[in-house]
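Contents: one structure, followed by commentary.
Letters A, B, C and D name the chains as they come in the text, with residue numbers starting at 1 for each one.
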Amino acid sequence: MQRPHPPLYYADYLQLDRLLASQSPKSVEYGKPAHDEMLFIIVHQAYELWFKQILHEMDAVIATFKQDYLEEKAIGIAVHRLSRITEIQKVLIEQLRILETMTPLDFLEFRDLLTPASGFQSLQFRLVENKLGLKPELRKMYDKTAYYSRLSAPHQEIVQEAETEKSLFELIERWLERTPFLEFQGFNFWASYRAAVAQMLENDRRIVQNNATLSAEEKKQQLLELAKTEENFAALFDEEKHRQFLRTGQRRLSYRATHAALLINLYRDEPILHLPFRLLTVLVDIDELLTTWRYRHALMVQRMIGAKIGTGGSSGYPYLRATIESHKVFGDLFNLATFLIPRSALPALPEAFEKNLGFFYNQKP
Amino acid sequence: MQRPHPPLYYADYLQLDRLLASQSPKSVEYGKPAHDEMLFIIVHQAYELWFKQILHEMDAVIATFKQDYLEEKAIGIAVHRLSRITEIQKVLIEQLRILETMTPLDFLEFRDLLTPASGFQSLQFRLVENKLGLKPELRKMYDKTAYYSRLSAPHQEIVQEAETEKSLFELIERWLERTPFLEFQGFNFWASYRAAVAQMLENDRRIVQNNATLSAEEKKQQLLELAKTEENFAALFDEEKHRQFLRTGQRRLSYRATHAALLINLYRDEPILHLPFRLLTVLVDIDELLTTWRYRHALMVQRMIGAKIGTGGSSGYPYLRATIESHKVFGDLFNLATFLIPRSALPALPEAFEKNLGFFYNQKP
Amino acid sequence: MQRPHPPLYYADYLQLDRLLASQSPKSVEYGKPAHDEMLFIIVHQAYELWFKQILHEMDAVIATFKQDYLEEKAIGIAVHRLSRITEIQKVLIEQLRILETMTPLDFLEFRDLLTPASGFQSLQFRLVENKLGLKPELRKMYDKTAYYSRLSAPHQEIVQEAETEKSLFELIERWLERTPFLEFQGFNFWASYRAAVAQMLENDRRIVQNNATLSAEEKKQQLLELAKTEENFAALFDEEKHRQFLRTGQRRLSYRATHAALLINLYRDEPILHLPFRLLTVLVDIDELLTTWRYRHALMVQRMIGAKIGTGGSSGYPYLRATIESHKVFGDLFNLATFLIPRSALPALPEAFEKNLGFFYNQKP
Amino acid sequence: MQRPHPPLYYADYLQLDRLLASQSPKSVEYGKPAHDEMLFIIVHQAYELWFKQILHEMDAVIATFKQDYLEEKAIGIAVHRLSRITEIQKVLIEQLRILETMTPLDFLEFRDLLTPASGFQSLQFRLVENKLGLKPELRKMYDKTAYYSRLSAPHQEIVQEAETEKSLFELIERWLERTPFLEFQGFNFWASYRAAVAQMLENDRRIVQNNATLSAEEKKQQLLELAKTEENFAALFDEEKHRQFLRTGQRRLSYRATHAALLINLYRDEPILHLPFRLLTVLVDIDELLTTWRYRHALMVQRMIGAKIGTGGSSGYPYLRATIESHKVFGDLFNLATFLIPRSALPALPEAFEKNLGFFYNQKP
C-alpha cells in the first residue's frame, strides 16, 4: 500500500548513477585496457559495501551493550544482528573464488599501475578489527610500522579514535562480569564446579591405576596425560596465575568473565541461558569466520603473487600468514572447551535459579 | 615495482568516498529509522555491482563471437570469462541468505516507503537477460504489460535497443551452424549417427520381445516406453518437424546447430572438441544458475511478503514462479541428453578428423 | 581420559570393513567396467547415510512433541536438532555438484545395467517425507500408481505404517493449538489483531483516496490492490472459509494453529516467544531446503537424461518438477507473511503476559 | 531400455542392508545412549566413503601418468577426474559445519568411550596423502612417532607400501621434465625468458633511479625491494642453487620440471597448452582445498576439545595446526607466480610451435 510520498524509482533509491560510474580502471586511463581490472575494482568495492554493513550491525550491538540496563529482548536482537554478520562473512569468503578466476598473468597486466595502493589501506576493515577488540598491542607489526601507517592522515585519525572506544570484546567482558548468578542464594557456582572437577580427576586417576589391562608403559603415558589435564585446571583455579596469563597475553578475558562464560557453556540447556549461550557462540563464529577469511585470503595472495612484494610494498604472504592466528579476538571463548566437564558430573542447580535469573539481564551495575 | 605515476591511494582508486556515501535510507529521511533498511540497500547495490561485472564479461564474449574468424585461443578465453560469470552467480545465490536474515516484520518497518520502486526495475538485470538471448516473445507478461513497462523512459530505450542486438544465443547458434565437420571427407556425421540410433532401437526392441522373464503386462509397458523414445528421435531426424517446433517455441536452436551441438557432446573426448564442449557446458551452467537464482529468489519473496502485492505492484511470487522455467535460454542444450547414445554405439571418426578440424575455428562464413 | 573398556580401533568403531566393501559396480560384474559407476554408487550411499541421520533427529523431535508436558528446555533441544537437519540438507544440495561431474555420456556406459532400480525406491527418503507430514493425498501420482508402488513388499509396509503415525506437522499443529496465550487475562489476541488490521486497511484506503498526486488510473489500480489485500484478510477472519480451504487443500493448518503461529511471528521479540519463533522458522527452513533439493535434483536429472525415461521407468524430469511445489509441508507457515502487520500497528501486550506464558510450555492438554 | 538382466532393486544395488546397519554407538552398548554419537559415526563414515571415491579417481590418474605414451585425450580425462576430486573436497569442508552442530558438551557424553580410537587412524586419508606425494620425510612427527604408528599392523603395511609407489607428484614431475618444447627448432625458452627477465629488471631499476618524485628514503626502499626480486630470479637461474634448495626442502620440484611448469603458465593461452595449464591448476586447487580442510578441521577440534588431549592421545590442535602449511605437496606450483612476467615482456613463440607441440603428449621418453 502506497504512502503519500513522491514515487520512488529503483535506480534513484539505490543511487545507481553514482554507484555504477565509480569504476575507473587505471589501465584504461593509461591507454592499455586490461580486461580483468574491472573485476579487481568491483570485487574490492563489493567488499567495502559489505564492510559498511558489518560496521552498521556492530555499531548497533555495541550501543546495546553500552547500556547499563540490558533487557533480555535486547540480547535476542543482538544475537540476530551478529548472526547476520556471520552470513555476510560467508559471502566474503565465497567472493574469493570469483577473484581467483583472475590468473597471476592477468593481474600482471595492470598490477604495476596500482602502487602503492593496497588492501592494507582499507579503513573499514581496520575499524571492524578495532571495534571487535583487536588491540594495537596484539597486532603483528607490518614492515616494522604500525598497521595504520599507510593510511591517509584523516583515516589514521579515525582508526586511532576507534582504538580508544570500548570494543565489543570489552563490553561483552563487562557484561559477563556482571552476571549475578555466580554466587546467589547459597549456590556458589565456582566452588561446586571446582569440587566436581576434583572428583572427576580423582576418579580418572583411580581408573587408570586400577586398570589391569594396561601395560606399564601405557599406564605411565596415561598418567602423564592426566597430569597435563590437572595442570590446565590448576591454572583455571588460580587467580594469580590467570593475572599472569593476562600480562603475558596468553589470556585476554578477565578471571570473573571467564567463570561466567564457563557457567553459560555448562548450563546452556537452561532456557534462561539459551540466549547468552547463543551470544557467546556467535562471537566465536565471527572470530572463526574472520580467521578463515584471513587464511583463504593469504592462500589466494600466495597463488597470485608468489613471493613477490605486494602492491603496497608489504612482504605479502608471510605477513598475512602471521596475522591469521594471532588476530583472533575471542580466543579464550574458543578454548573454553578445555574446561567443560560431562553433564553427569555437573553440580545440580538450585531450584530458584531459573526464576531469579531474570535479574541477569536487567540488574543495575 | 613502481612505475612513474602519481602514488595511488586505495580509497581513491575505488572511489570509496562516493561508494560509501550512496546509502540513504528512506526511513531515516522520513524520521523513523529502520535498522534493516541499510541491509536492504546494500544487498541490492552489491547485486548491481556484480551485474555490471557480468555485463562486462558478456560484452567481451559477444564481441568475440561477432568476429568472422575465430581463433581457438579466443574460445579458451571466452570459456574462461563465462566461467567467471558462473562464479559470480554462485555468490549472487549465496547473498540471498544474507537478505533472509531480514524477517518479514523488519521489512514492514520501511516497505511502504519504497513504493513503487521494485527489483523489477533493474536495468542491468534486463540487459543480462537480453544479451543472453531472452527474446521478448519468450517472456512472461507482467501484469499484462511488457517487462520494461516500469522502467524510466531512458532505461526503456536502452533495454529495447539491447533486444535488437545479436544475443549470445544467436551468436553461439551461428557459430555452431558453421561447424565444418558435420560433413567432410566422406564422413557424414548425421547419417552415421542416424544409422547408429536405428540399430540401437532395433536392438532394444528385439531384446524386449525375446525376454522370456517379462510378464505380458511388463512387456507391453516396455514396448510403450520404447515407442516414446523412437518418437523423440523421429522428431530429431525430421527437419520439417523441427521447423514446426521452432514455430511453436518447443525448440529454439536451429536444426543444423542442434546437430553440431550433439556432435560436440558425443565426441567431446576428442582434444579438438574439448573447448567447444566446455563452451556448451558453461552456457548450460549459466542458465542453470540463473534459473536457480530465480527459484531461490521467488522462495525468499514468498517468505518475505507472502501473498501480498510487491512494492512495484506486481503479484510477487506467482509471477516470479512463472518465469523460472520459461526464461531458460539454452534449454535445448539442457535437453541434448535425450539424444546421446552410448560411446560403444558411436560411429568411429575418420582418421583425418582431428587434424582437419583446425578449420572449425577460423573458417570463413 | 581412558575409561576401562577394551581399546577401540577407528576402523572397527566405524565398521569400515563392511562399509568400504559395499560398492559392487554392475559394470564390473558384467565385465565392462565403467569408471564412473563407483561415483554413482558412493554418492547414493552418502545420501542414504545422511537420510539415516535426518531420521535419527526427526524421530527424537517427534518423540519430544508426543509428550503431553513439554518443558521449554525441550523446545530448545528440538530447535537444535532441527537446525542440524538444515545443515545436513545444505550438504545434500552441495553433493549434487559432485554428481554433476558425471556427464550424460559417462552415465550411459552403465545406465542400462541398473533397471529398474531407481532413486524413487529410497525407503528412507519416503520415511523422511512421511514423518515430516507429506500426506498420501497430497502427493503427485507417479505413473498413475502410488509413490510406494515400486518398493519391495516389506518396504511398502514400513512406508505405509509411517503414514499412520503422527507426523511432525500434526504434532506441531497440536502444540500450536494448545497455546494458552490466545486469550487470557482479558487479552484477546485475535480481537486486538483484527481491530488493528481493520484500522490499517481503513487508513490505507483514506491515504489513497486523498492522494492528489495520483492519476485517476493509478488511484483505480491502487484501490484494486487494496481490495485484494482486504479479501485475503477476510478469509483469515472467517472460520467457515478456512474450513473450506482445508477441504480443498489450499490450507493445511487448522484455524486455531494458524492464529497461534501468527501471534508467535508478530510478537517474536518477546523472550518467551523466542524459541517458539525459532522453531517455526527452522521448520520453514527445512521445507525450503527440501524443496530446493527437489528443484536442483530435477535440473540435474534433466541435464543427465533429457527427455528419456528414468531407470525406474518414470517420466523423469516432468514428474520431479511437479513435486517441487506441491510437496511442501509447511506451506502455510511460508505464507504467514501475508498477514503480518507493522510493529507500530501491533496491539500492546498486557504486562502479565510474559510471566504467565511459562504455562505455554508445560500446560496440561 | 531394459537389458536382459535380473531386475535390480535400489536397496540391493547399494547394499543398504549392510550400510545402514553399520552404526553401533558405544554409548548404546554401554547402556547410556548419547543422542549425538550417531552423528559422530555417520559423519566419519561419510568421510570414509568420499575418501574411497577420491582414491578411485587418484588411482585412475596415476595409472594414466605411468604410461610412457600419453595421448592428449588422456590428459583431458585426467583433468576431469582431478576436478571431480576438488568438488568432493568442497563437500568434505562443508560437512564440518554439520559436525559443528555437536557442542563440546554433547561430545563429552561419549568421548571417553572411544579411546584410543582417533581420526589419525584413517587408513584411507593416509593413502590419499601418500598417493598425492606427501613424503614421510616431509611429515610432522606425531608425538615423536611416525604418522602411522597408531595404525593396526596390516594397515601400517598398506600405508608403507604406498610410500614406495610412484606418487602423483613424481609422475607429474616426470611428465613435465619430458616436455619437448623447452628447446626446439631454434627456440630456447629458457634463454629467451632469462633475457626478458633481465631486461625487465634493468628497466625497473632505471625507472626508480630516474624518478624525481621519490624522496631519498623512498628510493632506497624501492631499490631494496628490487634487489630482493633480483635475488629470487637469480636462484631460479642457478641450477646449483636449485639443487641446494631441493636438499634443504625449500623446493621439491626438479629444475627442468620447474622450467616446464613456468612455460606452461606463461603461455597458457596457447590452445596446445590449454589442458596442461588446467592440469597444473587443478593440482594446486587440490592442494589448496586439502590445506583448507586441514585448517577448518583444526579450528573445529579447538572449539570441540580446547587444549584437551585428543581421543587418540595426541595433543590435538597444535599438531593439526603444524601440518596445515607443511603438508602442502604442490607448493612449488603455488609459488610459480613469483616468476611470472607480464605478457608484454614475454618472448614471442616461433610460428611452428603450436603445430609441432603435438609431440608433447605422445613422445617417447
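Worth pointing out:
Basically, a contact is a pair of C-beta atoms (placed from the backbone, for glycine too) under 8 Å apart; a residue touches a chain by one contact, two chains touch by 3 or more.
Small disclaimer: the values here were computed from a predicted structure and weren't measured.
Chains that touch both chain A and chain D: B, C. Looking at B-D and A-B, the interface holding more C-beta pairs in contact is that of A-B. Of all chains, the one whose CA centroid is most distant from that of chain C is D. Put simply, the C-alpha centre of chain B and that of chain C have 29 angstrom between them.
If you average the Cα atoms of chain B and of chain D, the two centres end up 33 Å apart.
Computed from the mean C-alpha positions, the centre of chain A lies at a distance of 39 Å from the centre of chain B. Within chain B, contacts with two or more other chains are made by residues 1-3, 225, 229.
On the chain C side of its complex with chain A, the touching residues are 1-4, 6, 72-73, 76-77, 204, 207-208, 210-211, 213, 222, 225-226, 229, 269-271, 274-275. The touching residues of chain B, when paired with chain C in their complex, are 103-105, 108-109, 221, 225, 228-229, 232, 265-266, 268, 284, 288, 291-292, 295-296, 299, 302-309, 313, 321, 325, 334-344. Considering their complex, residues 1-3, 5, 7-16, 18-20, 22-24, 26, 30, 35, 38-39, 41-42, 44-46, 48-50, 52-53, 56, 60, 80-81, 83-84, 87-88, 90-91, 94-95, 97-98, 101, 112-124, 152, 155 of chain B touch chain A.
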